[in-house]
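Which chain is which? They are A, B, C, D, E, F, G and H, in the order written, and residues in each are numbered from 1.
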Amino acid sequence: MNYWRKPLDRDKVKPGDFEVHILKDRCKGCRFCIDFCPRQVLRDSDDLNTKGYRPAAADPAKQCINCGFCVIVCPEFAVSVAMRLEKEPNV
Amino acid sequence: MTIEIANTKVIDQYIRQDRMPHIWCPGCGIGTVLHALIRSLVKGGYDMDKVAMVSGIGCTARAAGYVKMDSFHTTHGRALPFATGLKLANPDLKVILFSGDGDLVSIGGNHFIHAARRNMDITVICVNNFNYGMTGGQMGPTTPTGARTSTSRSGNYEPSFSIPALAAASGAVYVARWTCLHLRQLENSISEALTRKGFSLVEAISPCPTVYGRLNKQPTGLDQMKYYQTASSVENGADPMKVGIELNGKITCGKFVDIERPSYLEMAGFDKETR
Amino acid sequence: MESQVVLGGFGGQGIILAGFILGQASAIYDHQSATFTQDYGPEARGGACRAQVVISDGTISYPYVQNPTAMAVMSQEAFTKYTPELARVKNPILIIDEDLVKPANYTAKYYKIAATRIAREMGRPNIANIVMLGFLIGVTGVASAESVKQSIRDAVPKGTEELNMRAFEQGYSQGIEAIKAN
Amino acid sequence: MSNNGHLSGSFYFNGDIACAEGAISAGCRFFAGYPITPATEIAERMSERLPEIGGVYIQMEDELASMAAILGAAWGGKKSMTSTSGPGFSLMMENLGLGYMTETPCVVVNVQRAGPSTGLPTLVAQADMMQARWGAHGCYSAIALCPSSPQEMYDYTIKAFNLSEKYRVPVLLMADEAVGHMSEKVTITPPEKLKLVTRRKPTVSPDKFNPYQPDADLVPPMANAGEGYGFHVTGLTHDERGYPVMTPQAQEKLVRRLVDKIDKNRDDIIEVEEWDTDDAEVVVVSYGISARIVRYAVELARKEGIKAGMLKLITVWPFAESTIKRLAPRLKSFIVVEINAGQIVLEVERCAAGQTKTVLLPGMGGAVHHPDVILEAIRKAAK
Amino acid sequence: MSNNGHLSGSFYFNGDIACAEGAISAGCRFFAGYPITPATEIAERMSERLPEIGGVYIQMEDELASMAAILGAAWGGKKSMTSTSGPGFSLMMENLGLGYMTETPCVVVNVQRAGPSTGLPTLVAQADMMQARWGAHGCYSAIALCPSSPQEMYDYTIKAFNLSEKYRVPVLLMADEAVGHMSEKVTITPPEKLKLVTRRKPTVSPDKFNPYQPDADLVPPMANAGEGYGFHVTGLTHDERGYPVMTPQAQEKLVRRLVDKIDKNRDDIIEVEEWDTDDAEVVVVSYGISARIVRYAVELARKEGIKAGMLKLITVWPFAESTIKRLAPRLKSFIVVEINAGQIVLEVERCAAGQTKTVLLPGMGGAVHHPDVILEAIRKAAK
Amino acid sequence: MTIEIANTKVIDQYIRQDRMPHIWCPGCGIGTVLHALIRSLVKGGYDMDKVAMVSGIGCTARAAGYVKMDSFHTTHGRALPFATGLKLANPDLKVILFSGDGDLVSIGGNHFIHAARRNMDITVICVNNFNYGMTGGQMGPTTPTGARTSTSRSGNYEPSFSIPALAAASGAVYVARWTCLHLRQLENSISEALTRKGFSLVEAISPCPTVYGRLNKQPTGLDQMKYYQTASSVENGADPMKVGIELNGKITCGKFVDIERPSYLEMAGFDKETR
Amino acid sequence: MNYWRKPLDRDKVKPGDFEVHILKDRCKGCRFCIDFCPRQVLRDSDDLNTKGYRPAAADPAKQCINCGFCVIVCPEFAVSVAMRLEKEPNV
Amino acid sequence: MESQVVLGGFGGQGIILAGFILGQASAIYDHQSATFTQDYGPEARGGACRAQVVISDGTISYPYVQNPTAMAVMSQEAFTKYTPELARVKNPILIIDEDLVKPANYTAKYYKIAATRIAREMGRPNIANIVMLGFLIGVTGVASAESVKQSIRDAVPKGTEELNMRAFEQGYSQGIEAIKAN
């Protein structure tokens, strides 16, 4: 848990490697993640999910810093942040 | 070389996927609090086979049905004595009570004060949404004076309980309060509570937009979260007798009690040999 | 003469209120017998829910819908769950919210209205139920429009009466047109 | 609204709201309760209505407290009521027993849902019927009414208050989720047409007053607290002065009377409705929401030419023993339709005493019977 | 004392203490209770004995808590028990229902005293017998045993534990004050002769385990908490996985099984004792302390040459329907002797189905029947 | 000219003579406390026709059967909700609850904290004898740790409640404690409590020689009274959270709480007009 | 009540005018009155009452000062103090 | 052969314990059937109380005393309440504590002992019950003295055994003498 706190070898990792995933059909559109994201990474989707809610979606133009708040605030367990670790070949 | 790590994989492991989505409303904070509990358990490295969750009846109490561990969804108000039996029958279990405010201090109030008095080795997480969510939002003992509910349409005229005060006066050794916005602190408090011997309580103030917020000018979960943002202040060590919450008033958060006194198991002389 | 009307959708759409309004209109203002019943799950929001209204000029022994003469559905789940019952009836009237329901495999005739979209355009998404009710009345005539309007006035929060009237009218007129187009 | 808080005219009410209005019409001015599906709407309605008309609504911390509070309020001189469903009803048993023992008039509404335990909170059942008769410890007799429609929720609530005041006994309105949540037209009885019963008051001076000295109908007149009678009330076995007496003799006298004051007045208390029983070969027995479905099925059967009739129990307790005994010898069969695993059928079978068959159509709860199932059973029984 | 805490030999015990010792012999290692006359001695004994043998005694704040605690302890893997009398029994009803719904093995002892309400706390009655069957809301089937002597208090407590573990159901030991407070010789079964039943355990791995999937006998194997099965238990209607399912179909399946697992195994469960019924013209039916008095009266009647017999119900619930049906056609009359206003007599009368008369000798409580009263009734019935 | 005035004439007027002698044991303090209550009522000039006593079940609770006024001997633990109904149905009544410690804070604990929270207009006199007298002296929530009782033969290992602490934390406006020896003070406190609006509590520590004292080296009522004499100290205004009583330890007496806050009747807007 | 606190016209009343009465058959012999009387006015009787208890009795040799404690401490409502007021004829 | 013994007195005198000891002696050490039952009121002390012991060499169906063959009473109240039952029996044995009971209007023969006084003289008023029990055994022989003594040892608090033995012996020897005197 709390991988975002893992002392990352920052210099070996390129910024912008975080991707926010939202399980669209689990989201109930409460907007907690949207409003409390420190970088405004999230926004409303354009269309409704199968349950009739308007799910949150990541704005590809925005930079997620993997603070993790969206993950832990989501009452639906719908949000995850994925990280691409591009390691130096010789490490 | 690229490695992907998805954070929610962790929570998904401890949740009954086949029961998602849960029944909670959009903007309800119960899921958020449950998430915090599970993070604390995972971080604490507990063997989930030895963790049991007990709940009563209510929206909050439904949590027991969503976690992947031995879990008991009992009767309204009686979760604590059930948990007491469970714990004493098998003291190796870490027993967690996940309870709504009504369940815990309205119908369950007697068991609450007695479990605290005994310093029974149980950790209680109480989701306080100031009303009975499950039955459609009636006033209860935690409803702030003045609040409108389906049984106090022109404003509740009863004084309300402060759960930390009741817990502390009854003998709890660990008492903390956070809102659904104070998630790191909530998680930390739960982690601490889990390690204490005896009766520990963490109260999580949570939105119930559907039936409570709607009648009290905070019709969405977000409205309620924003209220917490502006109205809450952290005062660790505050006197638990002085942290009552008024309608749309200040919410004092923090760790209020963290003392040591022998737990029930210790007093009763439980040890592996005689069991 | 007995009409058996089903309204289906998910919790929070106001399905139950719409059913109540219809029942009340029939019983109190149309002077019919009318029972209104509801199915709902433990969720306060979300989950399939259904209102059943039986309207009769005689007495109603069996207060539930056995053979729905008209059905309005506002969610895909409700469509899947409830429309099979229409097979029991000759020429049932099915109405869907066209943005929320894809009537896959439904081969018989049906009516559609974008109730939720219309409501949103009126600035209050939560009056889609009244738009739908208006459309239902326009299409089926199970209750008189005047009675339903009176019933709406009784049932909705003070201050929202006019908005609801407009929502009803919107749906109603589209319903009348749909019938004419038929 | 008339000046005593009574609405007038016709309304589209669900059964729960009709019940609350019935209570108000009956003069109920004290309600203590605790929310529970599917009875919550009664409490909600009372919480709005009572303060408007000088009554008291209080939400207690649980059902134990609610039941105790309405007993206290009854002795304070108010007509009082609580409402609940299965789990809360179970919690009320001990203090309901106190009500029987102390002969306290009050009304307890149980809007039945499917159990056991939490079961199906939002769905119908009729499985607390035996609990209504036997749920508290010790010997007593109970009165329980079952409404089949919102109108009957209104009417029978008034009836319940009248019986409770007349016989000084807690009266149970055993409704069910289907009736409680169904909406239908309800016509309020105009105040001038209401027949209300109020507890009989002492006719002697305080120094001569024995609070548990019964009149000829076995019911003692009742003084309220604060009226100067200085009486003692106890859940212990007591004599006519209300004093505890710890002997089998006192017990025999008191408890026998508690049982008899209902049983010997059963002709006054019991109400049933019979349809087409005169020439019937098959009589379907039912109550509450089931009675409605049965009515429909019996009509269908008659249309098929089957000599079917129906007995609807308005008062399920005390049980309409003599009606069953009268009908049994002429029938091919009784059919009992109830949404439980078989409760009232036991009484029907007992009273039928082998004179005719008794067939049960049970239902574990969650739904009313499909009329076809009943029709089919009638067809079979009529053969 | 043997190493598992079992006494050995014969003792002069009252019924309450015999009950506590029976529990210990049966392997009970958790007791939660609240004092109440005339059951207190059971708790007192347990409070001394359990800690000696590695068991847990806890005195809870009330009976609601006691009942909930023994359910929790059962899931924690212990055989558990509580004891009470009428008022406490009434308070246990809701959580007893949870026990039925969640199929939790445990034993509840009710040492009956005279009610209703507080009644005669120190005197005998048998008036909670119907409550034992119907006291909780919703549909379920119950097992209730009635001991007639301290020795039977010991023996039947063991029987109660065995039935509860076998059928995963709370089992009720419906004792009475007379038996509870009477002292007599009690012989403890030597450990090697004890036949103890323990809950059936899962035979599949946790990922394949469905906690509510029954075996052929309709009883599901049971995992205890902490054994790695990660199961969910709820008082809501649930499917075989233990998940809540809010449909009439799930209700029908689950509750039908809860009822059937007792009813269909009734031949295994029911025990009665018959004396002299072979040629009897009058059979007196009774249980508990009354059965002892009846035995005496029947002996007197036989001495007078009257063909009297006796049926003692060991398991009052489920009811010995087939025995009554078998006996009825040959008799002039059943006589039912019980210390209540008429409870089990209703079942006797129902099952007799008009084939013979059923006469009730009631008693409101406080004393056992005088044998002469029974003898007189036998004489009359035999004419 | 000689006039004789017999003091007990006064008490005899308010006691049901035809029920004397009462059932209490020699040396039991319940009669003493009841006497103090009646003196307070008489001194206060209350119209006895408008005073009602409610009790639950227990030795103490039997008091209701001995007073000449409307009196209710209800069920164990439920006297407070019964009294609540009685009071709200007829607010003209002065409603007094006379309760044992077990009745009040064991089985009745939930009603106790909620009545205090609501500030319900009831005066509670609690006879605390540290055990369940009526059923033969079992441990209960007020039994001091270490005390021997019939269900804690080798010493009670549970921590005990301090009733004043619980009352104060729950919201009582008046809280005092005296022993059966502090009779003038007891009477004064009861008199004060009777005049307060809202929920008032007077605890009277009382001997129960027969079943409690006997097992704890104070086999007579007199032994227990002498213990009170040596072990008690008066500390008016003491923090109610700090007046817990240990086995044979110090007994802090005094008036601990005397505050004003709107009573239930006031909050609910009761007045003669709308009733 | 509390007549003993009535401001008595002390000089007009002769000392020794108080008499302690004990309802012998109500007394259960707890000895509260005996032990806590400030003047040791009370003592055990010589014989038992009908209930088998040894009741308290006043020692005629001792002087009661009407402090009232015996009256209020008695759990049996068995004690009373009677007072002979011998008033001056002209008052 | 069946003996039916009643012990009567008031709460606190140890009547119940004496009955238990007798029952236990018969059942466990004399190997008879023996039931012991008790009547008591709500009072913990005071109030009439009674112990009933039925001793038989067969099985005992009816566990209560119907026709008392022997009765020992230690209070006037108990005398008044219970002795009328003796009328049912031929030659019953009545024993009274002579300081506590005045056998007014009792015309048949009876035995008396100053059990309470003797106990007080031994320094422990609360062993009057054992003195009385000894006397009863001496007079009636319903159980063997050895068995009763063993039963006393089992039942009384540790450390008081010897005192109780002496109390028993005192009563017993007086009983034997009384019989002889007869």
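One rule holds in what follows: contacts are C-beta pairs under 8 Å (C-beta built on N, C-alpha and C of every residue); 3 or more make two chains touch, one makes a residue touch a chain.
If you're wondering where the values come from, they're calculated on a predicted model, not measured in any experiment.
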### Task
Spell out the chains that contact chain B while also contacting chain D.
C, E, F
### Query
Would you say A-B or E-F is joined by more C-beta pairs in contact?
A-B
## Note on the structure
So, in whole Å, the Cα centroid of chain A is separated from that of chain H by 86
### Message
Please tell me the distance, in whole Å, between the geometric centres of chain D and chain G computed from their C-alpha atoms.
### Response
59
## Note on the structure
Between the Cα centroids of chain E and chain H the separation in whole angstrom comes to 36
### Query
CA centre of chain C versus CA centre of chain H: separation in Å?
85
### Query
What positions in chain E touch 2 or more of the other chains?
51, 61-62, 64, 87, 94, 97-98, 117-118, 121-122, 234-236, 244, 246
#### Entry: Overlap residues in chain F, where contacts from two or more other chains coincide
21, 24-26, 57, 73, 75, 106-107, 109-110, 114, 134, 136, 141, 268
### Junction residues of chain G - those touching two or more other chains
28, 51
### Summary
Given the complex, residues on chain H that touch chain E span 20, 23-24, 27-28, 33-38, 40-42, 61-64, 66, 151
### Query
Given the complex with chain D, which residues does chain E contribute to the contact?
64, 85-87, 89-91, 93-94, 97-98, 100-102, 112, 114-123, 125, 127-128, 130-131, 133-141, 234-237, 246-252, 254-256, 258-259, 340-341, 343, 346-347, 349-350, 353-355, 363-367
### Summary
chain B partner, complex, touching residues on chain C are 12, 41-47
### Message
List the residues on chain D that touch chain C in their complex, please.
### Response
10-12, 14, 121-122, 178, 181-185, 292-293, 295-296, 299, 368, 371
### Summary
Interface with chain F, chain E side, in the complex: residues 34-37, 40, 43-44, 47-48, 51, 57, 59, 61-63, 87, 117-118
